[in-house]
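In what follows, chain A forms one complex with chain B and a second complex with chain C.
Coming up: the complex of A and B.
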């Protein structure tokens, strides 16, 4: 195995690595990411405590903002792109996300149904009487 | 090796569709290491998703204890969030400095990252200690159990990350910017950024959703 730090042209990129840019461009990328993330965070905190918007929309807005901010982090900090040299990283990420959605979505779905379909024990006792 | 022979053609056909490559050889060690660590991070995120799922199910099971909106302090959470975000940024600056082998900016970036991480940990520890002192410890209700395990698990990751950060500074100090040290530094940066992504989920789902309606 070669131990070089700079991969030859045309090879895959390691996760977290960028294509060869100057230092200024790389710093600019982090600055853009930081500004976007701060904006999204500020919006989340503002939305959570405001009376300006229709209240049932707040949870949805918070989740959308969180997903958007995770995307910002992935692109600007972890440098996950859609480029061909990033295919392996994106596929691993996609599989990870699949498992995450199966676990969280499946759990919430099943437990909500159990809550709705199986009354608590004290209710069952009163039904039997 | 044969890598150089395919490099030119691979540029024109990056996915190697319809191209027979004769033994391109193993990828450089930096890519292998970072990719393996990336897979570990994804499995770590899968583990966090189990804690998130448990929290989502148990968030209403307060057993007569406090609800989320009664114990969460948004001001503290906002400070914690800004600390982690800025530390992610300074960690990025430190990894750029490591790539161009600039010791001063590397040490500065890592020191600021460490400081911000410690501020985060202190705020979180004080929040936990305050809750326990008021009798709202993890054994009070299922909601608090899931809250302490989810947020505490993230806090443990940040603590481990801080130790790793100090180790990286010591290794650069003792060994310089060697290839293996730079690989570890890259894994650390991945780890720290991934922790920030998990925190985005924590502050949105636990603190903001929990303290609102």
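Coming up: the complex of A and C.
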């Protein structure tokens, strides 16, 4: 944020505001994004049903494809770039990811430990006498 | 035809809600009649209801919050009286009614008092402090306000049509599930929060965008007033946390309406998941409320000490640290749910860590005051009262953040005392400080000092007399939400607390009297320069009340404490520029979109609560049509000609010139 010091306020662009590109370039960008997204989706469905990938690793493969899908969406449709005019968007994305990680990760962790104070079944049996 | 709605929905057998409802209805009708007869309706419609001016919307938010404060306060008075008399007896409130009252009290105070109050202040002040003409999305702002009002309306409607939830302010399942709460109470709760939640989210997006994108020339991040920083942090939290609330309540509603089993006892539902999710929203929520209050105190303390804020950068850092850490502590609301020592310890430690940036802030305020020329005017009294009260509340908070202690104090009156200590001492005192501080800016005249000070002292003392006994009762083992009790040791404390409530009520009455007296004496209290407190930030650089365009020229900011800087150098931009350079200003046109949208949302919410499906569809279509009409509008701006800008600005300029020349001699 401190690198904004010498930049006039309100300089950076909102998502979708990139007016320096011509219409043709922008359409090309969306088409490439669409093709990539479709390709990744098709691949996910395809590998799930075949033994092209080592069977036990299919969940991992699907997760990798899903993350790639997110990347495609971010770059081609939401126009997240690493350019200096995009600091806000990148920071917002980072904050969003952090919050999702904390909430989802925290929830999984908490819910997995809810029985920690419960004695094991055989102990309950001996308690009963 | 009318779903579950019939005459039995109106509680003819319960005099209290019926009489209260009738009084409110008569009041509303009387005001409406007065407005119509006096011919104020066009004014109200054109200048307020359809207004997209951030200042007007801010004022309406605060008005909504004030009215709801009286409603929530009445609930509080009834509860305190009930607990004072219900020793070895049933008291005067039957259990099902008492349960509705404490649920409504919590829901109203958080969602319809604290939230609209802080959002209103942010709306009113942040664009002015940033030196801009409006928020990023003016019409969306109006939609957000009116949807919040819809939520408040639905909650209050439950007083006379049907019932409110008896489940506590967070509607924990399985009690809130259909099998244990078959009535419409929980539906009233959930739909009003869903609708107002949309409004809050919209306001959050709007304010984040405003702070990030709309700052005047030279107003870079590290020159923003502290209130803008806390607004940014608070609204980032709104954007991140409110979807969790919406999703959680949506799941509860699916359980209730479509037979899902997210949180039911049977068929694989998990009630613990609800606690987990609701508090994953609920803890950031308390920081959503208190961070703007911290911002207000920063502004007030620095202005009334006549000094720049001590440790500005550490304050920014502390604010952003709280913003992130607030998402790491939510389990401390349910230490006793069964998570093991590992989980409890980590969340307990995180809860203690979040006290550190808060402590940094307290020290910064103290050092700001140190060596300053302090003026003990009403906003400053609220701020000092806050510091004392909030430290006590914070310390009891750190105490209950220790899991073993929490196992003893969980759900006791000690906890009730703790969170009232931080919410009243933090948020409400902050809201009042901001109200007193910025009232002259919003309306052009100061509030009466004498009544303001009386209001402060009665509220301050009343707070202690009410809530310190609750700490004691909690230590003696009293749990929260008791309709009656048989323990003799608790009785005296409940009586003292009820007496404290009376003192608090006097405080509220003083506040109302203050408003009335100030309005009557407004000519004597008039603020002509726009800078009644010798302020430091840009909101004081324009007239009071500010013109619709806020600033005739976009201010040029050259450092922290922008307006102080300008005054010190006596070269405020509007002073440098004389007349000829005034330019036309484009402002957004007013739009009834917000009001119409909320009208249909109200119909839809009401129909959903009572299962009137045709009306749900009607409301939905109406709201969508409103959106379409707005989206296809042709004219969204109007132009204020340069001559008009000049005419408006010159009046204030004369007053300000004399002020600046006086300040130059000091």
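To be clear about the criterion, the second predicted complex is superposed on the first by the 98 of 129 C-alpha atoms of A that agree within 3 Å, B and C clash if a C-alpha of one lies under 4 Å from a C-alpha of the other, contacts with A are read in each partner's own complex, and residues count from 1 in each chain.
The criterion applied here is as follows: contacts are C-beta pairs under 8 Å (C-beta built on N, C-alpha and C of every residue); 3 or more make two chains touch, one makes a residue touch a chain.
This structure is a prediction, so every number in the text was calculated from the model and none was measured.
Student: Taking the superposition on A as described, I'd like to know which of chain B and chain C A:108 touches: first, second, both or neither.
Tutor: A:108 contacts chain B only, not chain C.
Student: Looking at the overlay, does A:48 come into contact with chain B only (first), chain C only (second), both, or neither?
Tutor: first
Student: After the superposition on A, what does A:88 contact: first (chain B), second (chain C), both or neither?
Tutor: Touch partners of A:88: chain B and chain C.
Student: Quick check for you: in the superposed arrangement, does A:78 touch first (chain B), second (chain C), both or neither?
Tutor: In the superposition, A:78 contacts chain B only.
Student: When the two structures are laid over each other on chain A, which of chain B and chain C touches more residues of chain A?
Tutor: B
Student: Taking the superposition on A as described, I'd like to know which of chain B and chain C A:69 touches: first, second, both or neither.
Tutor: The answer is first: A:69 touches chain B but not chain C.
Student: Look at A:58 in the shared chain and tell me whether it touches chain B only, chain C only, both, or neither; answer first, second, both or neither.
Tutor: A:58: touches chain B, not chain C.
Student: Classify the contacts of A:28 with the two partner chains as first (chain B alone), second (chain C alone), both, or neither.
Tutor: neither
Student: Check chain A for residues that touch chain B in one structure and chain C in the other, and list them.
Tutor: 1-2, 4-5, 7-10, 12, 14, 88, 95-96, 99, 103, 107, 111
Student: Report the residues of chain A in contact with chain B in the complex, numbered from low to high.
Tutor: Touching chain B from chain A are residues 1-5, 7-17, 23, 26-27, 30-31, 33-34, 37-38, 41, 44-45, 48-49, 55-56, 58-59, 62-63, 65-66, 69-70, 73-74, 77-78, 84-85, 87-89, 92-93, 95-96, 99-100, 103-104, 107-108, 111.
Student: For a test of understanding, state which residues of chain A touch chain C in their complex under the given definition.
Tutor: Those in contact with chain C are residues 1-2, 4-5, 7-10, 12, 14, 88, 95-96, 98-99, 102-103, 106-107, 109-111, 113-118.
Student: For the complex, which residues does chain C have touching chain A?
Tutor: 212-222, 236, 240-241, 244, 270, 272-273, 276-277, 280, 324, 327-328, 330-331, 337-343
Student: Spell out the part of chain B that touches chain A in their complex, as residue ranges.
Tutor: Those residues of chain B that touch chain A are 3-4, 6-11, 14-15, 26-35, 37-39, 42-43, 45-46, 49-50, 52-54, 56-57, 74, 78, 81-82, 85-86, 88-89, 92-93, 95-96, 99-100, 179-180, 182, 186, 189-190, 193-194, 196-197, 200-201, 203-205, 208-209, 211-213.
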